[in-house]
């Protein structure tokens, strides 16, 4: 499934923009996400990062520009079609089905790969039985990837915050995506948990997935990203490697601030190097 | 599901024996009525219980199903066995039409929007004199045609038609619930945005669920028409919807046994309360309030919670030993 | 032309009554998220209270109206305490079913106390005003004037007073409201009381023009629910606009097509508006 | 001594409850009277009665359920006061178990069903049509406006009066009928009807809303006459609106105006503190007739035998009980009584003769 | 002084806090560290009166806070910026802020002054003052929540993870703002995952684990503690 050849763009956006009434939340953003890499999107609160993700995943319809995914124009597709093409996402605040089991959550994520409908259900067709088996298998694969296979039967709400984030990721993975969008995956996690999340993301990418993530935790961003995209007032103000971006005066001015965050962010400037 | 299956078999076998004990009369009438309204409650449950949306036009579809059967058999001379499926298809198609518009609204607005549609359906039935007999109603709807020498105008025999219809309804609903499709409905109930982002075509799933649900309503309506033999527009009005909603809530929303349990309990209880004369609703009203306060999950929910607690206790013990 | 004006006045009076009843419903919905199907019952009770006070105490009409409003307000507050407060964390359907239970109870109790037959309240201002062929009864003018007055007062209360703001705040986040120091129990009761008083005032105003019966609330219920959906659930201006829209649709639709279809036309307008603007005319909120 | 249960299924809650209660009060009063007098003598046994009343909210399917319940309790006489319910349960009446269906409705279809166990109390509404039309056309003019209720019954009335009015050479305006039970304000429908400048207005539904319609018409300056459908009762309307508004109306004669009604009216007012209308009075008569027929037939449990004696029983009712100068029961099962109509002038009721019933 | 004595809180049969003891002296910033689910929010909700304890006491300057009446606690100087923000999403930012000053409803002038102050503290909110709070970005909403708590002019400010989801620059601003508020005499109890930044401005701190206080000390003691360093500072 995942594309093997790196550096060809997985996703390209061109002059992408959206207005909410009088507010231009995203404005003329042109960027591309190279296949097999991790792209981080950072920017001040309200910069339009979540909105950017919402545009890509078909939640919002852009008021300008176009989106190409693996060479295909997906600008006008609806969310489930976008997911079907291979883009999965998680939300800024953890959203999963808390009353359902972990396995059910993942199986729901796999729905887009199955075709059994109401008639299949009523008539118990071969397709229904086949799809049911497929869902289970696909969901278990996803759970194994995030290390939750052992918890499959538990209600998702009974897991820790961090566990629930993993469920969210598993749900996304179950749709067999090529591109995974993570909106603030480490929010509310302590440093220990953050580190384990980082290694999970790295494993996923090693397995061939392309990842884009929004995050305010600079240690994670700097430690993971191959490329960083900086949004401000809906516009792209910088793009480059972590090292380049963290030196960019416009980025420091708009987002990173002078110095005081050193402790919080951990090592700011030394790029791809993660924690010891 | 397996012990459940046994339970259902037991219920239906026992039900099949009822006419042997009470051949005709009041008890059978209550039983047939209970089955008809329970079917409507199952239809509603497909939406409220499994999809998480509360449509309030179901009595309207029940009415459409009933009138379709009534008009086709009485005026067009169709056989009941032809008119009935036609009514079901009609209700499914009209459900599709409703969904195309109604799913633009969300939450409570969806409910009240469909309530408006329900009122319109009842009003149209009421005003369309030429077709429906209007306010006068449709009198003399023939009973189901007999075949193989079985006379379905006899309540004892028609009882089995109703019972079979109920069995089909329960089977259909159970299959839907436990399917790939049904799990997607559960996802929609849990949160539409999340379901959408998980790749579920929310709109089309909701549409199909609504069609199934209105089809079941029409299915129940057809039985009603053949059984009662008289159709008045008020049966299609919101009061009927709310009454059935009540059955569903009392029985337990989203459960498989709930619609039948709730309908049986409330329908019978209301029959008893008729003896209270002027006080029947003075008692019934507060009873409803107490019910939603103290058994918010309904009867089937109470059962679920109880058995859940037992299994939970069991697993906890198991964990302790690990 | 005179007929048109005549119908205009009829529509204004009807719209005024609809608005008062709908306002209470939308407030309660906005604050408590309760689709209060007992609201029609409160309206009906307002009419009976007015009737009972007028015949029992022999006080002037205005006094009876105010007393009835007070009585229903107290009862509505009690209702909030006893029925809806315990259900505040339950799903909406539960509150809805409970409300229907309350409606059943109120209707049956009223029928038990006052009987099933219709009651009549004499017009406080009998007679008509003939303005160039347009005939308006004084009672209708009173209805129009009083309902406008009440609406203005309510708007002032919600938008310009802090107590009003607390009602809106609670409508949006109960716990948040508690954290800034708002006594949400008091606000909840207050909201119900206001909604009850509005319904009672509407009933007292219209009662002399219609017949008072135990089930008069059922018809009103359906209409006011249509109205608040039309206006956007929980929206105050929406309820007012929706009320007049429905009244005008019914009366002019009935006039130009057929009065027997007035209800169909009213609900058709509802369905049409929602099909075009699913969130109602006014989105909830300020 | 034996107590025999009499069944009743009617609207006891909801919008039509007042109607169901009125009907019930008539039956109740008769039963009370009979029991107080020591019951009736059936085959040498003292029999008293008890009314078993079940609410059907005016819904025919509920009527059917109630009837099955009542018959399964061994009840053999059942009163039902609405056409839908009556037509629905008529086929049940002569099945197993059979029962005597006492029908309070003026719908001609009930008789047309030719059901041998139906006993219909009120006069057919079509008796009123011709005399109402000729009276009002003569008094006021040839143009009729329509603002009747749109219940099943009201629509039939509207159609019948339209036909008759045209037949007698008048013109009929557009139909502005509204549903009296759901309309909040009648004045707009009245405005529209009056715009056509009718001489006579057809109105009617339950008494109270009918009074509101008449009031709206008078207030808007209508000077012509009213044809009032039989469902509305003058004696109830003039408690709401000035008697002067009713001047120039034709409708059914108030029960109080019948010579034989004094005893009944006095007793009724004592018991219920309200004016009795024909709803109470006719069912009162009907219950008395049934009791007497049981005595004559010598059985309380054989509906066929009781039905056979109804004519004789009705004809032998004393004047104070028969109220409407009851002559008997037609072979079709219709109470043959002398119900009359009236026109109102100067607050006085003038009787109108009705043509003989078919 | 905030004095928490043997405080226990149950959710049904689950005990979220076990005999917690802690104090905040007048004018102090005290940080509360703890993993997800340690009970920080539970403690805060209890101190605001949203949650009734099953045992123990909590007092602010001698006034008991455990009466289950949040309005009483706010009126007595204890305000909270809660987890999840709990804003009034359809009301304008400014109305949200004004409602924050509900307990000072008789003092319109004071509320006006306070409004100016929070706008200077969070300039980003000025241009959004008439926008519905719910339409703001996550971070902007967090600012509204903090500002709303400040509008109550508290003596003790409870901040439950105020930096959650905020951009680094804003986190910096928030911590600066907290320091400034504190310098004006307000005591602060601050729950944070962002331990480094929090300890940077705190005088003292507590570590909550599984509903119990497992560690306490001054800023430097905690910064130097190995367990804190590995679990909360990621070093």
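In order of appearance the chains are A, B, C, D and E, and numbering begins at 1 in each one.
The rule is short, and it goes like this: contacts are C-beta pairs under 8 Å (C-beta built on N, C-alpha and C of every residue); 3 or more make two chains touch, one makes a residue touch a chain.
Just so we're on the same page, UniProt names per chain: A = Sulfate/thiosulfate import ATP-binding protein CysA; B = Branched-chain amino acid ABC transporter permease.
Given the structure is predicted, the values throughout are model-derived calculations rather than measurements.
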For chain B and chain E, chains touching each: A, C
Shared interface partners, meaning chains that touch chain C and chain D: B
Most widely separated chain from chain E, with each centre as the mean of CA atoms: D
Higher-contact pair (C-beta pairs counted), B-D versus A-E: A-E
Intercentroid distance (Cα basis), chain B paired with chain A, Å: 42
Computed distance of Cα centres, chain D from chain A, in Å: 75
Rounded Å distance between chain A and chain C, as computed from the means of their C-alpha atoms: 49
Residues of chain E engaged with two or more neighbouring chains: none
Junction residues of chain D - those touching two or more other chains: 12-13, 150
Shared interface positions of chain B, touching two or more other chains: 278, 280-281
Interchain contacts, given as pairs of chains that touch: A-B, A-E, B-C, B-D, C-D, C-E
Chain B-facing residues of chain C, complex: 29, 35, 37, 83, 86-87, 90-95, 97-98, 100-109, 111-112, 222, 225-226, 228-229, 233, 260-261, 263-264, 267-268, 270-271, 274-275, 278-280
Contact set on chain B toward chain D in their complex: 24-27, 29-30, 33, 129, 134-137, 139-140, 224, 228-230, 232, 234-235, 271, 274, 277-278, 280-281
Chain A partner contacts - residues on chain E that touch it in the complex: 35-37, 124, 135-140, 142-143, 161, 164-172, 175, 193-197, 200, 230-234
Partner chain D, residues of chain C touching it in the complex: 3, 6-7, 10-11, 13-14, 17, 107-108, 111, 115-118, 120, 128, 135, 137, 140, 206, 209-211, 213-215, 218-220, 223, 251, 254-255, 258-260, 262-263
Interface residues, chain B side, partner chain C - complex: 48, 54, 101, 104-106, 108-109, 111-113, 115-117, 119-120, 123-124, 127, 238, 242, 245-246, 249, 253, 278-282, 284-289, 291-293, 296
